[in-house]
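Sharing a structure below in structure tokens format, with a few things to ask.
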């Protein structure tokens, strides 16, 4: 994995000790993405979609290619099913707003207690606008979706199901096939913000209708993301934002809209970040995903084992490696998560502490804040050693 | 300057073959290019399933006008299936594969290959022809 | 101005001839912005607002500094009045959606025929949602706002006025003080997308309530923008997007929102692009704006004079230098705008052709498409020579 | 490891000076840190306009607990104006200007200056004290 580290410019820049285990908040940028972003912005910049000069034409071609790349990355049926956005939060808000007119009073939106706020608040807004109701799949004490509760939660009024593919706190991977099967009539959105860096995505195999992800969590630049949608669904949806590029004809007294995906891409897109995201996706797809997965699981096992040797640790999430990814949240008894993270920072270990934008989960598990270590392909045994050693010192000093 | 504008291409556009409207078309279609607001309108009459009478009105750039003029020269005798196949071949031609339509003027459009944003300028004339011919056919059925 | 050219990496990269006159579509990136973007993304990346480790803290500090920079750039009363967005289109949509609940049936929104689609469509959507009515200040035949029509257009139902500071087609600068005075009670949004690169902005002197701009049009990266709003207005507005960072507390059954600006910044922001935008703003503010302005006016004069010597040219916009900036749209009789641009491209001159996302203006002036040359500080006499020579050849060959 | 956690600072936090609740406070306030969900609750009774009785409940990190403990040691005799001035001085101290409060424990917070994201952890205890004291004062007025 030394070779992989070399593909991430930050490691050279930061020197050592630099144990970056805050990948679930944002991952580091891979060199191909840095190159694509920088090259576009400094040597080839032009606006896309409407230009006739060489630079504009080249930018448009590159942008179209990025769409095809991202379509392949998630297993879309066609590039036109890919809508570029500024990130997962924007993607989910777009989906929620475009679906809002379909909701009627008494309809239900099914979320889960595992969701990130970005997959909760937009649906609350949609529900509130239409008198619909938000329900949530509960979590088990080890931070998994409690799918046994599903039959009671899904009914004829369940119009929308929005669930995470991979929890940003517990690291649990959702069993999407069970959820899809339980609510075959509902429109199903999957929040793939965390999944994108941790495993392959196949929207057609999942059978979902919408899929959201962020560039910055999958080794691409900040400021870009995507919403994938089934074409027949996209065609039936109204636009979300109004502006340039999403129209067919504008008069002061009314407007006709363009076809998907353009209908949903108002204004100048984050072109540089989109090109960087596509470069990151190609980088990920050029790796042997099996090797990446095995590496992640081995290091995850080391974290779980290491924490298990320390006193007063409460793990938030699956105890074993089954059905989880390398995102490990934990509590140190009587020590606040921010103190854990701050002391670890003194050891060169970057963690995140807090509610991780998942307050309902915290509440369900009776927690206020946790510390979280999250892995990426460039992490190595040294990172794990520093983490476990650091947590040991925290316990010694602060508990 | 730009080799897109070969004199022969400009001449083809300026010749305005088939320019005008038919008095009693069997089918008519207008297609816009949302990029620039250009519009091609094509009228056809059919003999059986095949194009007999033809007129075009191209409000647009040289490429659109030249494409409409080229079509005017060769549309006679084509049916909707022919046109659909032709349109696909021209699209492929522009994306750098294949020879396009079997027409001598086709070569004039070769430089357009390198400018993806202008491909639609050529294609909308084919779109309009296809739509007009289909409408005429369906009208009769 | 040679020195300024050296501060834009693209000129080295593109070699010559490269006469970039498509600045109104997107400007080129200045070196300080390129550096800020690249340095953050490749050597210092972390998520902002919630992190405790060194990198996250540094990113948060830099992000806060960027907010202060942009506040100073537009003359805001405080950094908290600056909301970071993905661009002008997003900023205006946010404003329109947040204001929508205030509209009642029969209320009026006053726009102008000069507006970019991004300052039309969001308001049409708002009006449609509430049974309000969109009206538009007409344009004069030389592409200025016809302010004599104002008294007939403003009435007791005029709740919102949304106008451009600088037209992206005619280059006319709006007389905002007249508009502000005519509708003192209305909430006034100014679309500053074009203004940001062409002159200083002072929102308090304008007396407007909201101001929108885009990074990529002011020598910053693609993917960022801002919405400035008066604090008392922002405090009274509901959030637009839901997600992380904009909340105080989330429960499955409801949510309490954070104060401005955070209430309006859901999800991970385009951090790199925001830092780049702030660097571009600092770059602009470090220049002598008077010198930039004089240079722009001199070149604009050369374009106007040069076009006047050619046959069959119709200028879209003010004939003289009074009340205009260096954005010049024109029609060549009997030649389509795309052919003009394409041929000029063969001369190394990058123009834009089309409706410039301003179809109502095109319709008002009886045009379908125009060619447009738009200036930036790095443009020089060579660029103007190539433009005028190229248009001359177009007329010779195609007219 | 990190010099933020000087033993004396940890000891100050663990000492939990003034921890608990008052039975009959004149004023009570809870302030949250939205960053992490921490919460400081402060109860006061007043003698005239000045703090007499005091109790604090700090659910939070070492910094929040230490700040609440420090305040417990010195709150007696302050009025709302004093506290407001103090809060401003502590804020300035954290942004690297000034000496902060005139209390010996203040020096323990110096390393926090370099970590902007933790400033609120210190300040919310002052916010809670100020709000509780103001409420108590207004209650009586």
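As written, the chains take the letters A, B, C and D, and residue 1 is the first residue of each chain.
Methods note: a contact is a pair of C-beta atoms (placed from the backbone, for glycine too) under 8 Å apart; a residue touches a chain by one contact, two chains touch by 3 or more.
Note that the structure is a prediction, hence the values are computed from the model and not measured.
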| item | value |
| --- | --- |
| Identity of the chain that, by mean CA position, is farthest from chain A | B |
| Distance from chain C to chain B - Cα centre to Cα centre, in angstrom | 38 |
| Chain A and chain C: spacing of chain centres that average the CA atoms, whole Å | 31 |
| Gap in Å, rounded to a whole number, between the CA centres of chain D and chain C | 46 |
| Interface hub residues of chain A, defined as touching at least two other chains | 50-52, 56, 247, 338, 342, 344-345, 353-354, 359 |
| Residue numbers of chain B (touch at least two other chains) | 35, 115, 118 |
| Each pair of chains that touches, named by its two labels | A-B, A-C, A-D, B-C, C-D |
| Parts of chain A lying in touch with chain D, wherever the complex brings them together | 336-339, 342-347, 353-355, 359, 362, 368-369, 390, 393, 397-398 |
| Chain A to chain C touching residues, read off their complex | 9-10, 13-14, 20, 22, 25-26, 28-29, 34, 37-38, 41-47, 50-56, 86-90, 92-93, 96, 111, 113, 116-118, 120-125, 134-136, 214, 216, 221-224, 241-247, 249-255, 266-273, 338, 341-342, 344-345, 349-354, 357, 359-360, 363 |
| Footprint of chain A on chain D - complex, ascending | 1-5, 10, 35-38, 59-64, 115, 118, 121 |
| Residue ranges of chain C touching chain D (in the complex, touch as defined) | 49-52, 56-57, 60-61, 64, 247-248, 258 |
| Residue ranges of chain B touching chain A (in the complex, touch as defined) | 32, 34-35, 114-118 |
